Amino acid sequence: MEYVYAALILNESGEEINEDNLTDVLDAAGVDVEESRVKALVAALEDVDIEEAVEEAAAAPVAAGGAAGG
Amino acid sequence: MEYVYAALILNESGEEINEDNLTDVLDAAGVDVEESRVKALVAALEDVDIEEAVEEAAAAPVAAGGAAGG
Amino acid sequence: MEYVYAALILNESGEEINEDNLTDVLDAAGVDVEESRVKALVAALEDVDIEEAVEEAAAAPVAAGGAAGG
Amino acid sequence: MEYVYAALILNESGEEINEDNLTDVLDAAGVDVEESRVKALVAALEDVDIEEAVEEAAAAPVAAGGAAGG
Amino acid sequence: MEYVYAALILNESGEEINEDNLTDVLDAAGVDVEESRVKALVAALEDVDIEEAVEEAAAAPVAAGGAAGG
Amino acid sequence: MEYVYAALILNESGEEINEDNLTDVLDAAGVDVEESRVKALVAALEDVDIEEAVEEAAAAPVAAGGAAGG
Amino acid sequence: MSAESERKTETIPQWKEEEVDAIAEMLESYESVGVVDITGIPSRQLQDMRRDLHGTAELRVSRNTLLVRALEEVDDGLEELTEYVTGQVGLIGTDSNPFSLYQELEASKTPAPIGAGEVAPNDIVIPEGDTGVDPGPFVGELQSIGADARIQEGSIQVLSDSTVLETGEEVSQDLANVLNELGIEPKEVGLDLRAVYADGVRFEPDELELDVEEYESDIKAAVSGAFNLSVNAEYPTSTTVTTMLQTARGEAKSLALAAAIEDPEVVPDLVSKADAQVRALAAQIDDEEALPEELQE
C-alpha cells in the first residue's frame, strides 16, 4: 500500500502524481522502489477522481451474488 | 477490472498466473495491455491464495443477504 | 465462471461478445473450450445490459459492510 | 492527512517513524512541513499500535459504509 | 430465466430434465428455443441436487434474518 | 408450483397467460393438468404485476423468502 | 560566552557561577528544555519523581535567579523560557519531543488531598452517592459547604453532584475537613509543565495536548481511504488484491444471475432465484385455489 499512500500525499500537497514524484517520496521513506509498480499506479490513477475513489467504500460485492441468489 | 478477470480465468483453467499468460489472455481480448499493470497484479497476487479468496466471497452471501434485509 | 469472465474482459475492452472472440480469449487462457457453452453464453447475454448487471454488484458492498459490522 | 500517510509509508517500509524520516518523506512530496505537527504525530504514535490499527482498517475497509448500512 | 423455470417444472412433474423435454416445454410456451442454452443447462444441472438448491433458498432467508438481527 | 412456473415462462416469452397456453406448457412437461387450478391461476394473476413481483424477489430475496415462509 | 562568564565571575560568588555553568551544561545536552511548576510537591516526592524520570528526562531545581542565568547563558532561544521562572519551579531537559514530554508528565501526576488555604486548581465536586458515613452532625457539615446532602436509608447521602468550590477559590478549613473525611483528593500533583522549548519553538501546555484516539482514527481513515483508492482505481496491492478478486467474482456472478447464464457454478443460484421468484409471485395471489397445496394456508 505504500505506493498508494505516496500518491495520496502528493494528492494532498497538490503536486503532480507522476513517476518522478512518487519515486522521490518512496525513496525518502526508504522504500526499495519498483519502477513497474510506480508506472502501474500512475497509469491506474490517470482517469480517476482520487477524492471520490478514496471516499467510495470498496468492499467485495459478495452481497450482490448473495442477494440475487439467496 | 480486465486484468483481474484475466487472472481469474487462468485460475480456473489451472494455468499459471504469470506475466506471459495474463498478457496472452488480455491480448486475445483486444486489450491494449500495459506491462506495468500486469507486473503489479502478478506481484500483488504473489502470496494470495486465490481459491481461498474466491471461496470466501462465495461463502459470504447468506450473511450479506441478511444485512441487506436487516 | 471462466466463460463469464471472458465476456467481462471483452466488455471492458469494447470488443464484441461473440463466439469467435470468447473462444479466442478462453483459448489463450488454456481453457478447453466447449462450443455449446460459448453459444449459450452469447445467447444469454444478447439482451442484457452488462454495465447495469455489473453495477448492481458494485452497489451492494454496503450490505456486505453491514454484515461485517452486525 | 498527509502526515499520517507519511507515517504509514514509513510503517510499511520498516523505517522508524521519527521526526527526521517523516520530514524527509513530506519534503519529498512537496509538503510545506510544520515541525510541530511532525512532533505531535511522533508523540501521538508512541501510544498507538499502528500495526493493529492498520490491520483493523484493512480487514473492514468498509467501516464507513458499514456504519451507514448497519 | 425461462430455461430454468422449465427445468423446475420438469423437476416437479417428475419428468427427466433432458434436452428434449426442456425443448418441448419451452416450445409449448412459445419460446424461441436455443439449443445451446438447453444443452448448457442440462450439463450444468447434471451435478446439482435441485431439491437441495431450492431448500437452501428457503432456509437461507431465515438464517440471514437471524444474522441481521444478531 | 408447476402452475406458477408455467405462468412465469409465459411471462418471459411474452405469450398471454391464459388457460390454453398454461395447459399447453404443463402438458408438455407431463403434468396431469387440473383445469380448475388453471382457471383459478389465470383469474388470480389478472390483478398481479408479475414483473414487479419477480423483480422484488430478485432484489430482496430475503423478504420474499420470509413472506413465503410466514 | 566564555568572556561573558569571566566577567560574571567577578560579580557573583564562585559557587553560584559553578552552579549556573552546571545547569547550563545540562540544558545544552538536551533537545527539549522545559519549565515545570513544582509548587507543593514535598521534597521526598520530588526525589521519587526525579528517579521515575530517569532515562527520559532530567529535572534540575535551584534558585530561580540561577535558573534564569543558566537559561540566558545557554541563549539559543532558551532565554524565552525565563518569563516562566517564577514561584517554585525547576528546569527539565529531555531528548523526547515536547508532546511526548507533556504526555509523560501528565500521566505521572497523582491525586492528592487539598489543604485549607490552598487555591482550587479545578472545580471541586462532591459526587452523588452514599458517603458511607453514619447519620450524625456530618450531614450538617456537608450542607454548610454547599453539598446536596441528606440522611437517607440509614446513612448520609449526596443526592446530586455538588460543586463545592470553583477553580481559583481558596479552600476553607471546613471544606478541607469534609474532603478529608470523604477521602476526596482534588489535586493532581506532579510536575506541571509551564512551557517547553525545542528546535526553536516554544510550546505551552494547551498546545501540547494530544488526542491520541483521534490520531488512531485518522490512521484508520487513511488506511481505509488508501484501500478504497487501490480497489476503485484497480491498482492491486497485496493488501487489496483479495478484495479485487472478490469484486470481480461478484460482478461475474451478478452478471451470470442477471442474464441467467447456464454456468455450472451459477445454476444452483439460478434455481434458488427461480424458487424465490415463484414464491414471491405466489405470495401475490389471493385465491388459494390457484396455489399449490404446499403454499395454501
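Each chain carries a letter (A, B, C, D, E, F and G) given by its place in the written order, and its residues are counted from 1.
Please note the rule applied: a contact is a pair of C-beta atoms (placed from the backbone, for glycine too) under 8 Å apart; a residue touches a chain by one contact, two chains touch by 3 or more.
For clarity, every value in this text was computed on a predicted model and none was experimentally measured.
Note on connectivity: the fewest chain-to-chain touch steps from subunit D to subunit G number 1. Just one of A-B, C-E or E-F has an interface built like that of A-D, with over half of its contact pairs in common by residue number: E-F. For the pairs E-G and A-G, the larger set of C-beta contacts lies at A-G.
Taking each chain's centre as the mean of its C-alpha atoms, subunit D lies 58 Å from subunit F.
Separating the CA-averaged centres of subunit C and subunit G is a span of 53 Å.
If you average the Cα atoms of subunit C and of subunit D, the two centres end up 39 Å apart. The mean-CA centres of subunit A and subunit B are about 18 angstrom from one another, to the nearest whole unit.
Multi-chain contact residues of subunit A, defined as those touching 2 or more other chains: 1, 5, 8, 40-41, 44, 55, 57-65, 67-70. Within subunit G, the positions touching two or more other chains are listed as 222-223, 225-228, 234-235, 237, 239-240, 242-243, 245-254, 257-258, 260, 262-263, 266, 269-270, 272-279. Considering their complex, residues 1-2, 5-6, 8-10, 12-15, 21, 24-31, 57-58, 60-62, 64-65 of subunit E touch subunit F.
Residue ranges of subunit C in contact with subunit E, taken from their complex: 35-37, 39-41, 43-44, 66-67, 70.
Those residues of subunit G lying in contact with subunit C across their complex are 247-256, 258-263, 265-266. Subunit B makes touch with subunit A in their complex at residues 34-37, 39-40, 43, 56-58, 60-65, 67-68. Here subunit D touches subunit G in the complex through residues 1, 4-5, 7-8, 19, 35-36, 39-48, 50, 53-54, 56-58, 61, 63-64, going by the rule given at the top.
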